[in-house]
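Once you scroll down, you'll see the structures, which are given as structure tokens.
Common to both upcoming complexes is chain A, partnered first by chain B, then by chain C.
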Partner chain A sequence: MRRGSKVGRTIAYILLITYAIISFGPFVWALLVSITPMTYEKDGQRFGVDIMQWPPKINLFSWPPRVFGAPATLSNYRTVFEVVPYARWILNTVIYAGLTTLGHLLFDSMGGYAFARLRFPGKNLIFTLFLATMMVPAYVTIIPVYNLMVRYNLVNTYAGLFLPKLTGVVTLFMMRQFFLNLPTEIEEAAIIDGAGVVRRFFQIALPMAKPALAALAIYTFLGTWNDFLWPLLMTSDKSMFTLTMGLNFFRTSYYTFWQLMMAATLFMTLPMVIVFLSFQRYFIESGVTSGLKG
Partner chain B sequence: MRGSAHHLIGKKTGILMLLPSLVLIGTFLVFPAIWVLYMGMTNETLTGIRAANPQFVGLQNFVRIFKDRFFYNALKISLLFVFGSAIVGQAGLGMTLSVITYRKSKKFRSFVQAVVILAWIIPEVVVAYLWVAFLDKDFGTLNNVLHWLGFEKINWFYDYPVLSIILFNTWRGTAFSMLLFSAALETIPPSYLEAADVMNVSPWRKFKDIILPNIKSYIFTDLILITLWTFNVFSPYLLTHGGPSFKTELLPIYIYRNAFRYFKIGYGSAISAVVLGINLALALVYLRLSGRGARK
Partner chain C sequence: MLKKRNVREAIAGYLFASPIIIAILVFTIVPIFQAGYYSFTDYDALLQQKYRIRFNAQEALENYFFVSPDEAPSDEELLSLFDPVDFIELSVGVDLDDRQKELVRKEFNSRKLIADFLEFKLDRIYIFSDFMKSYMKNGASTFSRYVPQFVGLSNFLEAFKDRMFWISLKNAVVFSLVVTPIQTLLAIVLAVAANQRIRGVKFFKVSFFLPSITSAAAISMIFLLIYSKPGVLNRLLGYLGIGPVDWLGNIRTALPSIMAMNIWTTAGYFMVTFLAGLQDIPTSIIEASMIDGANAWVRFWRITIPMLRNQIIFVVTMGIIGTLQVFDQIYFLIRNQENITISMYIYQNAFSYGKMGYASAIAMILFLIIFSVTFVQRRLMPEERF
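Coming up: the complex of A and B.
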């Protein structure tokens, strides 16, 4: 509100500042914990580090910087790779998220394009049925899908992880909305030039859909990268864990290795933050606006 | 839709392009949604003899569900959770934030959006651990700050379990509603609000009489989607494991406990089928309401 009262404006800013603190606070804490050594030496004696101390003794302006009363170190980031098969988990997650994203890009855009451009009797009926499946929550079908995977011996395989996730009703619907709003004139002109449907789809429609595809890719990749429930059911073998599953490894019933866990946490979060910040424009402008007009 | 669209794509090619999605959705969504009904009528278990040869037991499981006090408990908590975190929390906060940033500089708006979305892109496993560290009774940052300010320490997860997970999910999921509402606000012709500015209309009246009626359809879309999604949310499990004493056992966690912790696949499927019914009913109610809203 341009001429909102002073009180309203003050409340708004307090709200925003609190929100920002709650959002960034955990990140800062995670970063500080990740550079804290497990133990440190002082006067020939070894001390454990209490990362829950309050107020925390932190001095970032000395050299080396001191966190929670101990000298900062980067060794946790190396230790993570030594104590668990962390590189393998990264690979598993990249494969799972990567293949899922590729599947969505290809199948959602193909299906969305067909629904937007195709005319045949009964199409609306199929489309309505299709939309009805949007109302089916994923966890309702998780038991039968899990059973299916057990029956075909796909537990602890990549196929078991990504096969059920290759396409989605909501995302396909978004692509359809995008193609519906795309002018058809260029494609019509291409027909006169003798371009077949394959060429028109790949060389004209898809390039024009770049912003929607970017949003779709980020959205899917993020969701799969962070997915917890499905890997929890699909992987029991340590070598098939994804990063989200792996994080649990640093927490035993007796002790949580916070320093290692936070180092691992930042490893899996930073790529997402970078991807997001570089594509924020696509994410915000087309991700939501293209598909969901009332 | 454009009138000339029909010759852009042949019937055969079109169906071929639709095929992969239809097959995948059929196999992993439609078939399981129907199959879950049948599985709910068996006594299948995850291991042992009844894993290989489940018997058909008719409606026995369904009868049991409606006598199971844990089902009513989970249903009650889920409804509370959806109302608190999705409708009041995410939609309310999302609306507040998008109105605050509306007609402000682009830089300011993208900063606020980045802050909100940050909560969304951090893996929920990570978020859960950070929240445990934030709300822990003895070591948690929040309690330490409260103590420092002279307040009593509070055992958040024990004394306010539902409120804890509601706050958690509000913070985590506000991004979607905020982005949707921000996009919706952009569709209001600027002249409406400029005219109101000239006439010195109060901010509340502007919101109620200009903004709300213009973005009504978006609000319905948002509410229906976040309601369904929030019914789906499993991540509070990472915070509280459904406890203490089942006080945060949402429907998905209740299903997970029966099917994969107690190995009662048949019973878990029956609950899934009931939940599916509830979801469809909710969706129908929303569609009805939004249909009426649009006609007005």
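Coming up: the complex of A and C.
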């Protein structure tokens, strides 16, 4: 029996390591391409670089290290900022994701608190109605919402991007669940002390909700940062693009600027990786991101 | 006293909930009903724009008469030459239906327009609907709001006869039926492997999770590189004697390539869900079965899978709902109309062809499909879980 489990663990290791390579591989490949120059000079002559070669000629023992036979460089990451309004796209994405996250933090927690703690007529009916909307695919509502934005001239504005995203039923539900599980004793004591609802919410419930708010913020920020469909509809002007919208700029029907495209791709992924590594426990342990992706 | 407190609590409740109630009402609930209404009409985004057309009325009239007011034509002469329907259709460029033509012939104030023309009052940009407000004696509202025609069930009937609808629906369903079971099984296998008292579980969890926090747009670009014809995948397969394949360019391989990419993206993410479930299985059950002589294979199917029932139902439902709506990857990587999925077809109809009525009808059909999937899930798993 012991032998069996040893074999089992060896198989498990092989499986896990293989899948880790598969999981990481594409990112490593993109990284290699992103640090490869388009052309390089040697002995007064200019050489092109074949980034499709296999195996990629890598030499870590020279300076600068060589990838695909060419000296590695970070210049692609700078070039991206020169050939397209990349800084502007970063700003747009930060504004879109930032304001959306703020909206969720405020409105979802207020709504979650109201639906969890306060009694008001029609509460259950409204909540049931909200739950029912969760089954409706985005493709049903985007057409009327798009028309609404067109009617109020909000296409190519920040308001057009973030207004429809300021709250959400899934995240409202999350916050309501959190407040339902929170012990009520402290708030009851505060009621006896004569604290009003506003004070109870901001001074007692909200500070206790910090872990839930952190998870909510990460979930929303990540989802909006990576969002593509809504920016695709709301932005047609290059100066209003978000980062996901901009990626298409590095390919034309004739030529794809692989090095720049990979630099731009990794550049927009990196902040999310940092967020993920710093707040892993919210992702992996809380299960709060369930439903993040299809 | 108590009563007063209840009233105050209700007011506070409404105040706290009002931002989200308003937002969900405006951006979700009302649009659902609007989309339902659109789906029974011939709503056309291009027509909706037609009353918003902008033109310079002075120039349009000069072109219409081939004359400038400088040449001092008499207003009676111009009036006899002027036909408002011709002017609107040919010089302004707005098509009118028969009912509108009749209305224009009856109610258009040609005399006022020509008087203004001769006094150079028209030399500015007009929006067509505002122009009509100024020069129709009655009934200008017909030209201010686009009212789509009610067409009953004909959008739905059109969909059933539309080859592209069936192709895109079939692609989405095949995509879902291939990706969901494979990613679920792969996630379970990885979770079982990681549950074998392995060192570095945290490292594996983090590395498997990475693709799912990367945007679909970024992943599409990375795989565009990997799948390209001279790309690394073909180089590697070359060692196995498999000739270079244009993975994304070939109709037969494009969609399977994206399915593989999708499995890669989500399997590691769902693995974390399953691992949490596995860690809840009491070890006593497993030890008991080992004493009974059950081998690893039997244990997997008889114990592990049934114990993961709830997680499996959750992951499969999330998987089906997500994959049925796959869009970003299709937008970036599919160049062939034969390979598009239903969400892409909705997008194309609504935003490329302007056929918003038809697109809404297809979206309603997608809603029905997703509703059924959720309904089955609720049946299998009565307790709520998010």
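In this text, the second predicted complex is superposed on the first by the 267 of 294 C-alpha atoms of A that agree within 3 Å, B and C clash if a C-alpha of one lies under 4 Å from a C-alpha of the other, contacts with A are read in each partner's own complex, and residues count from 1 in each chain.
FYI, a contact is a pair of C-beta atoms (placed from the backbone, for glycine too) under 8 Å apart; a residue touches a chain by one contact, two chains touch by 3 or more.
The structure displayed is predicted, hence computed values, not measured ones.
Peer 1: Record, for the superposition on chain A, whether partners chain B and chain C clash or fit.
Peer 2: clash
Peer 1: With both complexes overlaid on chain A, does A:P144 touch chain B (first), chain C (second), both or neither?
Peer 2: After superposing on A, A:P144 lies in contact with both chain B and chain C.
Peer 1: For A:F173, select first, second, both or neither according to whether it touches chain B, chain C, the two together, or no partner.
Peer 2: Touch partner of A:F173: chain C, not chain B.
Peer 1: Go through the superposed model and pick first if A:P121 touches only chain B, second if only chain C, both, or neither.
Peer 2: After superposing on A, A:P121 lies in contact with chain C but is clear of chain B.
Peer 1: After the superposition on A, what does A:L74 contact: first (chain B), second (chain C), both or neither?
Peer 2: neither
Peer 1: For A:E187, using the defined touch cut-off, is the partner it touches chain B, chain C, both, or neither? Pick first, second, both or neither.
Peer 2: Touch status of A:E187: first partner only.
Peer 1: Indicate the residue numbers of chain A shared between its chain B interface and its chain C interface, in ascending order.
Peer 2: 1, 4-5, 8, 12, 15-16, 19-20, 22-24, 26-27, 29-30, 52, 54, 106-108, 110-111, 113-115, 118-120, 130, 133, 135-145, 147-148, 163-164, 166-167, 169, 172, 197-198, 201, 222, 225-226, 228-229, 233, 244, 247-248, 251, 258, 261, 265, 268-269, 272-273, 276-277, 280, 283-284, 287, 292-294
Peer 1: For the complex, give me every residue of chain B touching chain A.
Peer 2: Against chain A, the touching part of chain B is residues 1-2, 4-11, 13-15, 17-18, 20-22, 24-25, 27-33, 35-36, 39, 96-97, 99-100, 103, 110, 112-119, 121-127, 129-131, 133-134, 136, 138-139, 141, 144, 147-148, 171, 176, 179-180, 182-183, 186, 197, 200, 203, 206-207, 216-218, 220-221, 225, 228, 231-232, 234-235, 238, 252, 255-256, 259-260, 265, 268-269, 272-273, 275-276, 279-280, 283, 290, 294.
Peer 1: Can you tell me which positions in chain A touch chain C when the two form their complex?
Peer 2: 1, 4-5, 8-9, 11-13, 15-16, 19-20, 22-24, 26-27, 29-30, 33, 52-54, 106-108, 110-111, 113-115, 118-121, 123, 126, 129-130, 133, 135-148, 163-164, 166-167, 169-170, 172-174, 177, 196-198, 201, 222, 225-229, 232-233, 244, 247-248, 251, 256, 258, 261-262, 265-266, 268-269, 272-273, 275-277, 280, 283-284, 287, 290-294
Peer 1: Quick one: which bits of chain C touch chain A in the complex? Just the residue numbers, please.
Peer 2: The contact residues of chain C facing chain A are 6, 8-14, 16-17, 19-21, 23-24, 26-32, 34-35, 38, 45, 48, 189-190, 192-194, 196-198, 203-226, 228, 230-232, 235-236, 262, 264-266, 268-269, 272-273, 276, 290, 295-296, 314, 318-319, 321-323, 325-328, 331-332, 343, 346-347, 350-351, 356, 359-360, 363-364, 366-367, 370-371, 374, 386.
Peer 1: Mind pulling up the chain A residues that touch chain B in the complex?
Peer 2: These residues of chain A touch chain B: 1-5, 8, 12, 15-16, 19-20, 22-27, 29-30, 52, 54-55, 106-108, 110-111, 113-120, 130, 133-145, 147-148, 163-164, 166-167, 169, 172, 180, 183-184, 187-188, 191, 197-198, 200-201, 222, 225-226, 228-229, 233, 243-244, 247-248, 251, 258, 261, 265, 268-269, 272-273, 276-277, 280, 283-284, 287-289, 292-294.
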